[in-house]
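Each chain carries a letter (A, B, C and D) given by its place in the written order, and its residues are counted from 1.
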Amino acid sequence: MIFGGALTAVSTKKAGRPTWLYQLSKAGKLCVPAMNVNDSVTKQKFDNLYCCRESILDGLKRTTDVMFGGKQVVVCGYGEVGKGCCSALKAMGAIVCITEIDPICALQGCMDGFRVVKLNEVIRQMDIVITCTGNKNVVTREQLDRIKNGCIVCNMGHSNTEIDVASLRSPELTWERVRSQVDHVIWPDGKRVILLAEGRLLNLSCSTVPTFVLSITATTQALALIELFNAPEGRYKQDVYLLPKKMDEYVASLHMPNFDAHLTELSDEQAKYMGLNKNGPFKPNYYRY
Amino acid sequence: MIFGGALTAVSTKKAGRPTWLYQLSKAGKLCVPAMNVNDSVTKQKFDNLYCCRESILDGLKRTTDVMFGGKQVVVCGYGEVGKGCCSALKAMGAIVCITEIDPICALQGCMDGFRVVKLNEVIRQMDIVITCTGNKNVVTREQLDRIKNGCIVCNMGHSNTEIDVASLRSPELTWERVRSQVDHVIWPDGKRVILLAEGRLLNLSCSTVPTFVLSITATTQALALIELFNAPEGRYKQDVYLLPKKMDEYVASLHMPNFDAHLTELSDEQAKYMGLNKNGPFKPNYYRY
Amino acid sequence: MIFGGALTAVSTKKAGRPTWLYQLSKAGKLCVPAMNVNDSVTKQKFDNLYCCRESILDGLKRTTDVMFGGKQVVVCGYGEVGKGCCSALKAMGAIVCITEIDPICALQGCMDGFRVVKLNEVIRQMDIVITCTGNKNVVTREQLDRIKNGCIVCNMGHSNTEIDVASLRSPELTWERVRSQVDHVIWPDGKRVILLAEGRLLNLSCSTVPTFVLSITATTQALALIELFNAPEGRYKQDVYLLPKKMDEYVASLHMPNFDAHLTELSDEQAKYMGLNKNGPFKPNYYRY
Amino acid sequence: MIFGGALTAVSTKKAGRPTWLYQLSKAGKLCVPAMNVNDSVTKQKFDNLYCCRESILDGLKRTTDVMFGGKQVVVCGYGEVGKGCCSALKAMGAIVCITEIDPICALQGCMDGFRVVKLNEVIRQMDIVITCTGNKNVVTREQLDRIKNGCIVCNMGHSNTEIDVASLRSPELTWERVRSQVDHVIWPDGKRVILLAEGRLLNLSCSTVPTFVLSITATTQALALIELFNAPEGRYKQDVYLLPKKMDEYVASLHMPNFDAHLTELSDEQAKYMGLNKNGPFKPNYYRY
């Protein structure tokens, strides 16, 4: 969104990190200051973790009416989206394992109670396969060939490349549309794989985004634009910035009343002891929440 | 820890953020490069979130044998330690509310199912009061006066200042040591407050630190020292640094085999698509996990 | 369902306990043996606890797209249905309290981490009100008058009497149908209450029943009919019976393969030690699961 | 406990179902009325489900300081005790699977998110093995031979027969007492198995029973004795009875104030509609809670 000679990059929901913006900047081709709103805390947690925790259940129910209890599920990728999906499915009684490339995220998965596996080790037993990696060809044709009859395959990641859907558009396989957004892909031996949204984003195609989440995203974006517009000459150069923490905190505080949440205020003595301004920002930049 | 002209600041477990180091640096008085190991991802998550999730239960049980189910608990501070405490107590059937000064953490608390309150609003009803703010005088004498008979008061934060214990060493109150680390503070009307570890850290005084967590912390610290020692002239100045992400990932990967966890490797094509080196680091510096 | 001079009373899904059958029997007016299939273990747990755990989320999402995280919810009735609803909503980050008339169920609620309240104490603060009592007028007009703007009101219990919907069909209130199964009831001051399915069963009106649950219910009913049909003269009199435990176990065992679940078999020595037949039944009649 | 010519059989805590009493009765050798207090609802749920949910964690921590996160655990038996253990360990991030002989309990395990396995299938991978079956030789010497180095083995069931400890008292194995209640059993190849409490009940040997649970059990037993003592001639014959439901409810209601729990009262109209007395009992005898 370009506005007054500035730019905010929240992109459309869940389009993921604005890598293109960093690439433009690196190449010296960014001609205005830009703000990477996508990676502000409130945006990340709401659009990804908290929203996906609910929309994975919603998307699967609306399309397939599957019962989650006892189902074996593999979630590829344990970032914010994967964490949300895993937490929700585990809570509903599914038996969830994950795949990861990053050892830190993998260790988090262990601590949260998920087996960390390679997809090939488990693909035959799974009832549901969910991708949330942001990568491509995470589920290959070879793996789809080994999946069991009736398995549901869907994507919660950032684009339609995670599942190699192209490889399924092949003469030996029959596609049967059973409902909007739901295809049965049928193998010559009769095996059916239930593909949702043709591999596009399940949460955008088959679920809804709560207005509360939209409000947070829109508020963040609007504040970023106002900041860029009002900033004194020189504060922002032709580079990519993260939203100032104080604004991130402001977005959060604007949404407190929805929950009848009452913030505690620091006393002067406490603020001094902590070396903080009573009005924030309350955390160093590297704080992870 | 000073070693070969360098410094790592992991401090003792849970002594919190090395603010003093940043202050030294800011004042231009830091005479060697230093690494803030405390804020590496693995250190933070294991020492704080995952370790406290278990040690809050352990510390309370060993000292008081309290049954968690149905107990009303307030946790002051919803940082990593607070998140760990809340998650554990909620899972055991306690009814947990939180206090926060930071609207972002408060909003996380809402999303995780905890009421965000001011301590004064709930202090009368609580069965257990836990501090994990890193601040001072979070529970004041005035609030302790209003607490109900039999309430347990303890501290999981970074020092013994969170509960105003000094104010309880007062002639009108009687202290009765009922067990190691457990005092009954008795009001003139007979009301007893159960104070644990005289307000010092519960998890260090009344619980234990699993060897697994110690291993992660020690590995992180050792790697930081090796990095500082081996770094070519000029890589590190007289400043405070965070552990390079690749090392953080390395610490995590060294601990994978404990969980029989199998990492997935990127294919060349996938690494290129993501703009990543196959061996990491896998995330930008601002990634929050 | 009458079949071969016998009767099974599973009733329609979730129509609750077949009280009428027991009344017929008590009055001496039951002219055939009958089996109360509704209260078999598998039926109870699947139709009520496990199914409702999923359908409460599904029903609310499909109708309102509400975000569950941080929402204040009261669930009236903590039987199997209430337990399912509470567990799911808590897992999604809602802050849930319950009402109960039965102290045993109330104590279970406490242990599971839910505040036990009277509806009047909390009605003003709630974002969602859910009834699952099987009773009538659980939410009265007076309470609906005090509910806050935007509150969602729905019923997961056994009939459309739990919410006093009749009292809302009154000239001073305006009804606005915003979507199938969703009405806004508008008070003179502009307050809107979101009423789902006009107070009928949410899970039947706005959600779906997974085929797995239907399979369990249908299997149970079929086996009950077969048992009544094949039973030797005199085994069943003109009375109401529960499904023999062995059959209940058989229904469960027929559904094991869906989960790739592997049962352990008792050795002869173990069976003798326990005083059990190796093929079951494995529990005394009063066992509660 | 014999009192006034009557008998209550609550046995010692967790000694399980009073089978001997039913056997006496069956053999016509019971010379007084007896009440099986063990199987009253409050006793069952508190001593077994809710108490074990906490004491499994407590017992393991006090003896071994094990970190639960990421640990692979098998729980043998998914009755009330097993359910409590599984729920707690899952909540702490352990990866839990179960063994069962009863298909109904097994199906509950599936729905609660636990893989149902035979012990032999998983024994090699486990970090912790817990028995809660009430049976004997559930973990055999052959299985102990296959367990991995450092595995913790303990018993939460009803006697010291579940793990075949006798088979470990064998010349080729060395026992090393590392701490009170903790033995390392050392195989010739150096493998160590950590045996807790020599296979006796972990929760009695290495944990504590909260006073709240003792209060419930003692209240139940006292009420049973009072009932037997006061009952008019002929109400109870020389047989085994369950506690009348109304008393079970009374025990629960006596413990409500601990939780500041407020029961709802039926209106006259509601009581009539439900066919209930306003003061209970509120459920039919076969109700499972």
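The rule is short, and it goes like this: a residue touches a chain if its C-beta (ideal position, glycine included) is under 8 Å from a C-beta of that chain, and two chains touch if they have at least 3 such contacts.
All values derive from a computational prediction rather than experimental measurement.
Q: Which neighbours do subunit C and subunit D have in common?
A: A, B
Q: Considering only mean CA positions as chain centres, point out the chain farthest from subunit C.
A: The most remote chain is B.
Q: A-D or B-D: which has the larger count of contacting C-beta pairs?
A: Of A-D and B-D, it is B-D that has more C-beta pairs in contact.
Q: How big is the gap, in whole Å, between where the Cα atoms of subunit A centre and where those of subunit D centre?
A: A distance of 42 Å separates the two centres.
Q: Could you work out how far the Cα centre of subunit A sits from that of subunit B, in whole Å?
A: Measuring from centre to centre gives 27 Å for this pair.
Q: I'd like the Å distance between the centres of subunit B and subunit D, where a centre is the mean of that chain's Cα atoms.
A: Subunit B and subunit D have C-alpha centres separated by 34 Å.
Q: Provide the list of subunit D residues touching at least two other chains, using ranges where the numbers run on.
A: In subunit D, the residues touching two or more other chains are 50, 69-70, 92-93, 110-111, 115, 259, 261.
Q: Help me check something: in the complex, which residues belonging to subunit D touch subunit B?
A: Spelled out, the residues of subunit D in touch with subunit B are 50-51, 53-54, 57-58, 61-62, 65-70, 72, 88, 91-93, 125, 207-208, 210-213, 258-261.
Q: State the interface residues of subunit C toward subunit D in the complex, per the touch definition above.
A: It is residues 17, 19, 39, 41-42, 44-46, 50, 99-111, 115-119, 121, 134-138, 242, 248-250, 252-253, 255-256, 259, 261-267, 269-270, 273-275, 280, 282-286, 288-289 of subunit C that touch subunit D.
Q: State the interface residues of subunit C toward subunit B in the complex, per the touch definition above.
A: Result: residues 69-70, 90, 92-95, 110-115 of subunit C touch subunit B.
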